[in-house]
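You will see subunit A twice below: alongside subunit B first, and alongside subunit C after that.
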Partner chain A sequence: MDLAAVLTFEILNGVATLVLISVGLAIIFGMMRVINLAHGEFLMLGGYAAIVATNHGVNIWVAMVVVAPLVVGVVGVIAERLIIRVLYGRMIDTLLATWGLSLFFIGIVTTIFGNTVAGIGAPLGSLGVGRYSISLYRLVLIGIAAAILAVIFVALRQTRLGLIARGTMENPNMAAALGVSPPRVYATTFGVGAALTGLAGGLLAPISGVLPTVGAAYVAKAFITVISGGTAILAGTAAASSLFGSVNQLLTYFTTPVIGEAGLLAAAILLLRVLPHGITGKLFKGSL
Partner chain B sequence: MVVIALGVPQVVDQFGLLQLTIFAAMCILALSLGFVWGYGGILCFGQSAFFGLGAYAYAVTAVDLGESTAAAILAVLVPAVFAALLGYFMFYGRLSDVYLGVITLSVTLIFFNLMNSTAGDAYRVGKARLNGFNGMPSLPTLNVPGDPARLLDPTETFYLVMAFLVIVYVGLHVLLASHFGRVVVAIRENEARCELLGYDVRLHKLLVFTIGGGIAGLAGCLFANWGAFVSPNVFSLTMTSQIIIWVIVGGLGTLVGPIIGCLIMQYLATTLGTQQLANTNLIFGIIFLAFVLLVPRGIVPSLRALGARAPGPSRVHDPA
Partner chain C sequence: MLSVTDLHARYGRIPILNGICLEVAAGEFVGVLGHNGMGKTTLLKTLMGFVPVQRGRILFDGADVTHEAAYVRARRGLGYVPQGREIFPGLSVRDNLRMGFVGRGAEERVDAIVQTFPRLVPLLNRRGGALSGGEQQLLAIARCLAGNPRLILFDEPTEGIQPSIIEELVAVLQTLHRKQALTIVLVEQNLEFIAELATRVLLIQKGAILRELQPGELRQAGVLSEFIGVDRA
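Moving on to the complex of A and B:
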């Protein structure tokens, strides 16, 4: 019974982690169709922002939830204005340029912080479950991931800003004719996606620690999740995260973490062979 | 190229010769991506997966058998078969360009993690211990086929690697001039039209991908043989991005471009590696960005266009 509870917790945790690392990409790639290969580095920058702020005496929650998204959001807007703006509609060039950007970030962070692991202690301590104990922070993280999904859903569905963003992605010319400035909407949406990524990076920093090259561990998983999710970005990301998170955690529990990761990838390749347009290409059509 | 190859060992010292050997091996790797991406239009970010597989296949077999001929053959076959398998899922699943890039990239990163975790005595193939992140040291180097005691010296190895480079270069040219090659280029230009003309697009792409995987495996074999060492770094993100940069800098849609890009960037990497002023990733990132934004066609096509005062072949673009 205790084991089942802990295993469920581990699975939910794997799902939540996948949701966190891919939700920013779901907006940038899923909605805007911008292939951002620097996504992993955005996560890495969020982690460093949170750690540096905490080490300078900022409250850890403020550092993770306010500082990290703010810093990465600003970096995202700058990157959009300087590089990505020039390349809209040229998907492969965008992909290559953001790859260059990712190397650039790795280089600059290595120069500043050195090629060593930085970390902060996770807040909140742990909770006993029978013979096992689980980290309370990880439990909170599951709630946060769910909350983020809910907030994005409401923001896109119910607010004027969300409507404008969705409309502009659907048909920029029509949006412009109705008095919206598409470049500004693109920059804002990209910034929001980057900020969400930074938030995820900050929240994950206490768990996994940060390293200049940590982005590589995230970027592949994030893309696989969003691609397998398909056209409905939120439902898709949630569904794909649930599937892959479960596969990953179960395999990890019964074998090793590396087999877990390989299993995640194998599941994705098989899934895309059967459903080339992702999960929401077939199921939950028309949802957000 | 042949003249240079024959003359070089007479004029450079041992160190220079070793350096040129590895440059030539890397040029073969650059050619493999130049072919798959530049002509096949397949955005493969996992070329280092095949390179690494080749290196490991060579390492494991050479240690187990103590003889290098079978090892070298397996170093080409294993990655080619793996490419065929992966390619089957991707091309017959009709995944688009960008998804291909992401999937191949993920496969590479997974290999990197897998190999890193093989430390310890449990992970061995026959006598060969995989050694995880420490890599496999003191591998047997190439010998004359059938005579394990007669190892190739550095000059002979240089000739061999150069010979492979020439064979791959000429072979790819011949292949591209053939009917098969023409169909491949036509698919790159317009996939739907080729399909309607009755060509099996999926099969052609699969074959290109498989050949590219085999060539990358050959480069991996030569790489492992050069340093008598292989570590999971052959699968790393740095390795993968290097190959892409070579092709971008040199130019897509040419065979000489990737070679030139590879030589320039290898030279730069070697020079940068000896100084402490700036991080290599930083410089590479800036060069990468600069080329994509300012010289998107790469050096060779740009120079050709300049010379001919006419627009050169355009970059392959995703119609989306």
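Moving on to the complex of A and C:
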């Protein structure tokens, strides 16, 4: 019984981690169709922002939940205005430009912090479950991941800004003909996607530590999750995260982490072979 | 209200508009007729700001909007109902209408607008992409009206629409023009439709206004054959 509870916790934790690292990309790539190869570096910047802020006396929760998304959101808006804005609709050019951006961020951060792992201690403590113990912080992360999905859903479905964002992404020219400024909507949406990615980087920093090249470990998983999720950015990200997180954690538990990672990739390949338009291309059609 | 002087526009290196001059007074209903490829749609897109002006000037209510972005022109009161409707297919009918007016009081505005379009009332929660062509056309007009425009540019609203809805469109446009005193510029190939609605008709050929006609003249065989390429017995 205790083992089942711990295993369930591990699976939920794996799902939550995938949701966190993918949700910003779901907005930037899923909604805006921008292939942001600097997504991993946005996560890395969020991690460093949280660590630097904490080391300068900022409360760790404020550092992770406020400073990290704020810093990366601003970086995202600047990147959108200077680089991405002139490349909308030019997928290959965007891919190359954001790759260059990722190398730029890695270089800058390496110069400032060095190529070593930085970290902060995870807050909270642990919770005993029979003979086992689970991290309370990881438990909170599961709740935060669920809350992020719920907040984005409500924001897109119920708010004026969410409606404008959805309409503009569907048809920017028509939105403009109705008085909406597409450049402003794009900048805001990109900034929100970047901020969510920064939030994820900040929240994951106490668990995985941060180094300048840590983004590479996240970016592939994030793209796999969002692409496998399909057109519905939230339902797709949640469904794909649930599937891949479960496969990864179960295989990791019964074999090794390496096989767990390989299992995640194999599941993605199999899924896209069977459902080429992703999970929500077949299921949950019309949902967000 | 709308004053266009020596308007030139092109796609790449291909010139489409070659010196259009056009005056539309407040409350007028102006029709624009011409063959395919003569620049009718490009004229409306250029007026709305989707095609850049190479040369010439566009004044709207006395303000020079020649190089303004489309969303700025829309905020000034220029409405646009494009060819092909271009409704937001993933949004509900209600949300399509709310996109037309995203300020405070949007719900009340939507409720008021659909009174003019009773056919849309039972469809408010349906996805825009699931509507028929005629219903989408009504939605496109209603969405444009939600923004409270003072001049509307209509691009071939009867294209691909069943006859029963065309009759409804005529009634709607007549109401907008006569009762709400909206100024309308209508590009159309449906002669009966334009003859029934427009107060004057401009013939466009090779990107320039060739001649102005009264709606009654559209029924003269010589005019149709010479300028529009329609032979009527």
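In this section, the second predicted complex is superposed on the first by the 288 of 288 C-alpha atoms of A that agree within 3 Å, B and C clash if a C-alpha of one lies under 4 Å from a C-alpha of the other, contacts with A are read in each partner's own complex, and residues count from 1 in each chain.
FYI, contacts are C-beta pairs under 8 Å (C-beta built on N, C-alpha and C of every residue); 3 or more make two chains touch, one makes a residue touch a chain.
Values in this document were obtained by computation on a predicted structure and should not be read as measured data.
Looking at the shared chain after the overlay, A:209 reaches neither subunit B nor subunit C. By the touch criterion defined above, A:276 lies against subunit B but remains apart from subunit C after alignment on the C-alpha atoms of chain A. Touch counts on subunit A: comparing subunit C and subunit B, the chain ahead is B. Using the contact criterion defined above for the overlaid structures, shared-chain residue A:123 touches neither subunit B nor subunit C, since it reaches no partner.
Of all residues in subunit A, only 160, 163-164, 166-167, 170-171, 173-182, 286 touch subunit C in the complex they form. Looking at the complex, you find that subunit B touches subunit A at residues 43, 86, 89-90, 92-95, 97-99, 101-103, 105-107, 109-110, 112-114, 116-117, 237, 241, 244, 248, 278-289, 292-293, 296, 315-318, 320.
Contact residues of subunit C toward subunit A in the complex are 48-50, 69-71, 74-75, 79-80, 82, 86-91, 95-96, 98-100, 102, 106, 127, 143-144, 147. Put simply, subunit A touches subunit B in their complex at residues 33, 35, 83, 86-87, 90-93, 95-97, 99-108, 110-111, 213, 216-217, 219-221, 223-224, 227, 256-258, 261-262, 265, 268-270, 272-273, 276.
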